[in-house]
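Two complexes follow with chain A in common, the first pairing it with chain B and the second with chain C.
Now for the complex of A and B:
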């Protein structure tokens, strides 16, 4: 009996968590006459894919989607390329006067800066460099954004691998870089993948920087594209919901792949931009 | 003679340090210079009623949302932890709101909140309520509460996730010992579980609190700070000052004040992480 109450309560919470997402999905699939019908139609409506065709076929959401993909991939690759060596350096070498801890803390503290503080200077800097409304400019910003996270996550994963492993490899004539690439990285592959997933999700979900740094139709990301439609006078809810559903699918897929590492990642402030 | 040798690890770390100096420290210095470039900005700030309103609303938003998310998150963590079956199913499902792009979550809630055709009022009417007075995000008095509701929906999962992990990390022995000593469930929770969970709770509150203070995305989509200034927050006001009115200096001054506020949070956070 008591267990039944618990399952009912947990199910109710699950319902509240998922109902808004489900409602968005139904709006994206309903004909316009049914979208705001009274009483609300939760099930059994006539489904159509027209809004998806409108948003991604004739509308610009296809190009926003491509921009978001390119941006997430570029900034994640760059953050890993720069951050993984730093994590390795902090984890593996002798540092006098615990400089490794000091540098590590400093790197993490840059992640704590509220974006709204650095956004005005970054906007002015990118304007100066003529990198406004370009994916390169935004990718640079996202790289800086994800870098502290990569360093912290990967340092933790490197710390879990005993030093003796690469010391043995180096005695066998392997170079430092060679032992990192051929021996250590394969060992931390799951952690590396989880770190990459978090970077991808952060870049994919991020809104504030994208809103300010990409204002032209050709440079917009998916969240900015959706937002630009919401603030218009007449809103095409169907196309916008379709874009929203497409925007959330990759995140849910990626997050379920990295579920095991969610706590470690989130306690370092991932996902939320 | 001994020469000071730069440790090898430093060279591995150097590219990251350079990038972070360029993208984080330099902009910070730039912002401080902008903020203090014209001290008149500080006098203006002191007399700026919109900033005062935004600051108060940001504090209210943070306090109410954080308290609600913590209580609900802890309750959910205890609830799911007590289930014997389908635990990972519930856990995965409950995390969904937090993973969505915030813009998408906000769009979903606009569809829900709309007073005329939204599904919330529609459902309430269907079961017999008079919804004429329920204007949600459109109402002067209800807008702030409505955006708080959205934040609670979206971010309780974050507290839930961290607190669940904390609960799982508690060794079973002390709870077992208290039970043998005859303690009831409430005593066990208050005197054993809660103290053991303390550092997790602190960490979760600090992380969420820091994000709440800078809240932007959801409110931008839901209300744009309106109606009037009913949901204006510091971040939104800074955004508008800089990018609608091109007053970068004044925006920097306000962001400096916001930074000072969040520094208090992150200082505490560092201390907690060190202690662990």
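Now for the complex of A and C:
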């Protein structure tokens, strides 16, 4: 009985959560005349792939997609390359007592700022550096945005590894860097995976910075590209929906691949915080 | 030969190790014995190169290694937690020191097979550490330490995570292994039985200082001060405050009699503890208590009158202010 109630409640929640996704998927497959039919056609409409052809064949969505992939990959790689050594240092080396307690909080505090307040200075800085409308500029911004999260989360994972293991490695003849690369990093792989997925998803979904810092068609990312199909004269529901469905796919793949790591990594961060 | 000269380590304002000097001859088994927080582990970590001393020097085989990094000291260490590499197989764990030294895979395999056979690990080489019992993990940690024949072994309470029976077994095995390898071994423990059985020489530590550095027999029979006298031996030595000295007498050197004897002192039985092979008797003598060790057959009820005396040749005398041993 109890189980039945639980399943019914879960199904209801799932239905509510998935309804917009279903709506998106059906719109992307419907002919334009069917999109606004009343009452709505939930099932049994004539399906077409025309909108996918429009969006990715003749339209620019292909290049938006590529931009998003490059951007997410670059910013995630950079955030990990900088953040992982920083987290290791915070976890392993002694700090002056007055710093030791605060430095982690300072790093985390940069995440508490509403992102919008940084947009004007960032815009001006990127303009001066001639990095507006460039993927490199946006990647730098995303890296900075993800870095505190990487440091905070990886520090928790490093703290979990007993120091004695790398001390043993150093006595066995490893340098500190060697023991980090060959002993410690393999042990924090779940943490690395969870952190990387989180960074990828944040960069992939990001809209606000991309909207303001890139304004040319060639530098647009997928979320901005989709939104740009709402114009003064018409709203291209079909193409937008098709692009939306495609935009969801990588996130689904990442998240399901790293699901078990993600839950552990996020809850660990929560406890440590 | 290992020489430690006035080694000092401070944590903030506290001196964890104060000007400790210690020498170990080639092949010697040295045990650092002391209560927790006495600085013995810090001293060991400085020898390993995991902590930097604030003052003093460490020489190993004639070379000053005080400023040398841990990996270049040619020292192997066995940790209390074993510190095996969880993501590697047992064979990879044991062979790791050789892999770091870029030896050929063939050579590593040969050495690993040899060492594993010596320590009874041959059947476990493909397993991972988490599949092994505590005793087996301990052997893997030992195998990893001995495979590259270092100049010295350091062991930080390596047996303390094992159950009592296994600990005694491993203790004997460790002693024999050290005898075979004849490598300087510095072994940290708070267990005096381990110290007595394993060591050629014991360094008894307290408050960051070495209280006595001598053979187990001398540490037991000629303790340098009241700390050593009480720390080594179980039950510990009776100390009796007199006006001109502190008298010390080991429980086994207290003679008991249930019949009155001339010149013996009277007391009452406070409690008797039968251990099987011997009986520990605690006497109440007015306000103070005295521990005696006697034969297994000794039987007496609570509060029975009893007479005792100290074997005069076994009496220790210590300075009442410094606690240092006085010549008898």
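To be clear about the criterion, the second predicted complex is superposed on the first by the 249 of 273 C-alpha atoms of A that agree within 3 Å, B and C clash if a C-alpha of one lies under 4 Å from a C-alpha of the other, contacts with A are read in each partner's own complex, and residues count from 1 in each chain.
Please note the rule applied: a residue touches a chain if its C-beta (ideal position, glycine included) is under 8 Å from a C-beta of that chain, and two chains touch if they have at least 3 such contacts.
Note that the structure is predicted; figures quoted are calculated from it, not measured.
Undergrad: Does chain C touch more residues of chain A than chain B does, or is it the other way round?
TA: B
Undergrad: Now for A:171: first (chain B), second (chain C), both, or neither, which partner does it touch?
TA: Second partner only, chain C.
Undergrad: Would you check which partner chain A:147 touches, where first means chain B only, second means chain C only, and both and neither mean what they say?
TA: first
Undergrad: Have a look at where A:59 lands relative to chain B and chain C in the superposition and call it first, second, both or neither.
TA: In the superposed model, A:59 contacts neither chain B nor chain C.
Undergrad: With the two structures laid over each other on chain A, which partner does A:162 touch: chain B (first), chain C (second), both, or neither?
TA: Touch status of A:162: second partner only.
Undergrad: Who does A:125 touch here: chain B (first), chain C (second), both, or neither?
TA: In the superposition, A:125 contacts chain B only.
Undergrad: Tell me the contact category for A:137 with respect to chain B and chain C: first, second, both or neither.
TA: neither
Undergrad: In the overlay, answer first, second, both or neither for which of chain B and chain C A:40 touches.
TA: First partner only.
Undergrad: Based on the superposed arrangement, let me know which partner A:238 touches: chain B (first), chain C (second), both, or neither?
TA: Neither partner.
Undergrad: Is A:191 contacted by the first partner chain B, the second partner chain C, both or neither?
TA: neither
Undergrad: Which parts of chain A are touched by chain B and by chain C alike?
TA: Comparing the two interfaces on chain A, one with chain B and one with chain C, no residues are shared.
Undergrad: Within the complex, which stretch of chain A touches chain B?
TA: Residues 3, 6-7, 9-10, 13-14, 16-18, 20-21, 23-24, 27, 35-36, 38-40, 82-83, 85-86, 88-90, 92-96, 99-100, 103, 105, 107-110, 112-125, 140-141, 143-145, 147-148, 151, 201, 204-205, 207-208, 211-212, 222-223, 226-227, 230-231, 237, 240-241, 244, 247-248, 251-252, 255-256, 259, 262-263, 266-267, 269, 271-273 of chain A touch chain B in their complex.
Undergrad: Hey, which residues of chain B end up touching chain A in the complex?
TA: On the chain B side, the touching residues are 7-13, 15-17, 19-20, 22-28, 30-31, 34, 76, 79-80, 82-84, 86, 90, 92-112, 114, 117, 119, 122-123, 125-126, 153, 157-158, 161-162, 165, 203, 207, 210-211, 213-214, 216-217, 220-221, 224, 234-235, 238-239, 242-243, 248, 251-252, 255-256, 258-259, 262, 265-266, 269-270.
Undergrad: Please name which positions on chain C make contact with chain A in the complex.
TA: 48-50, 69-71, 73, 75-77, 79-81, 83-87, 96-97, 100-101, 144
Undergrad: Which stretch or stretches of chain A touch chain C in the complex?
TA: It is residues 162, 164-165, 167-175, 178, 183, 186-187 of chain A that touch chain C.
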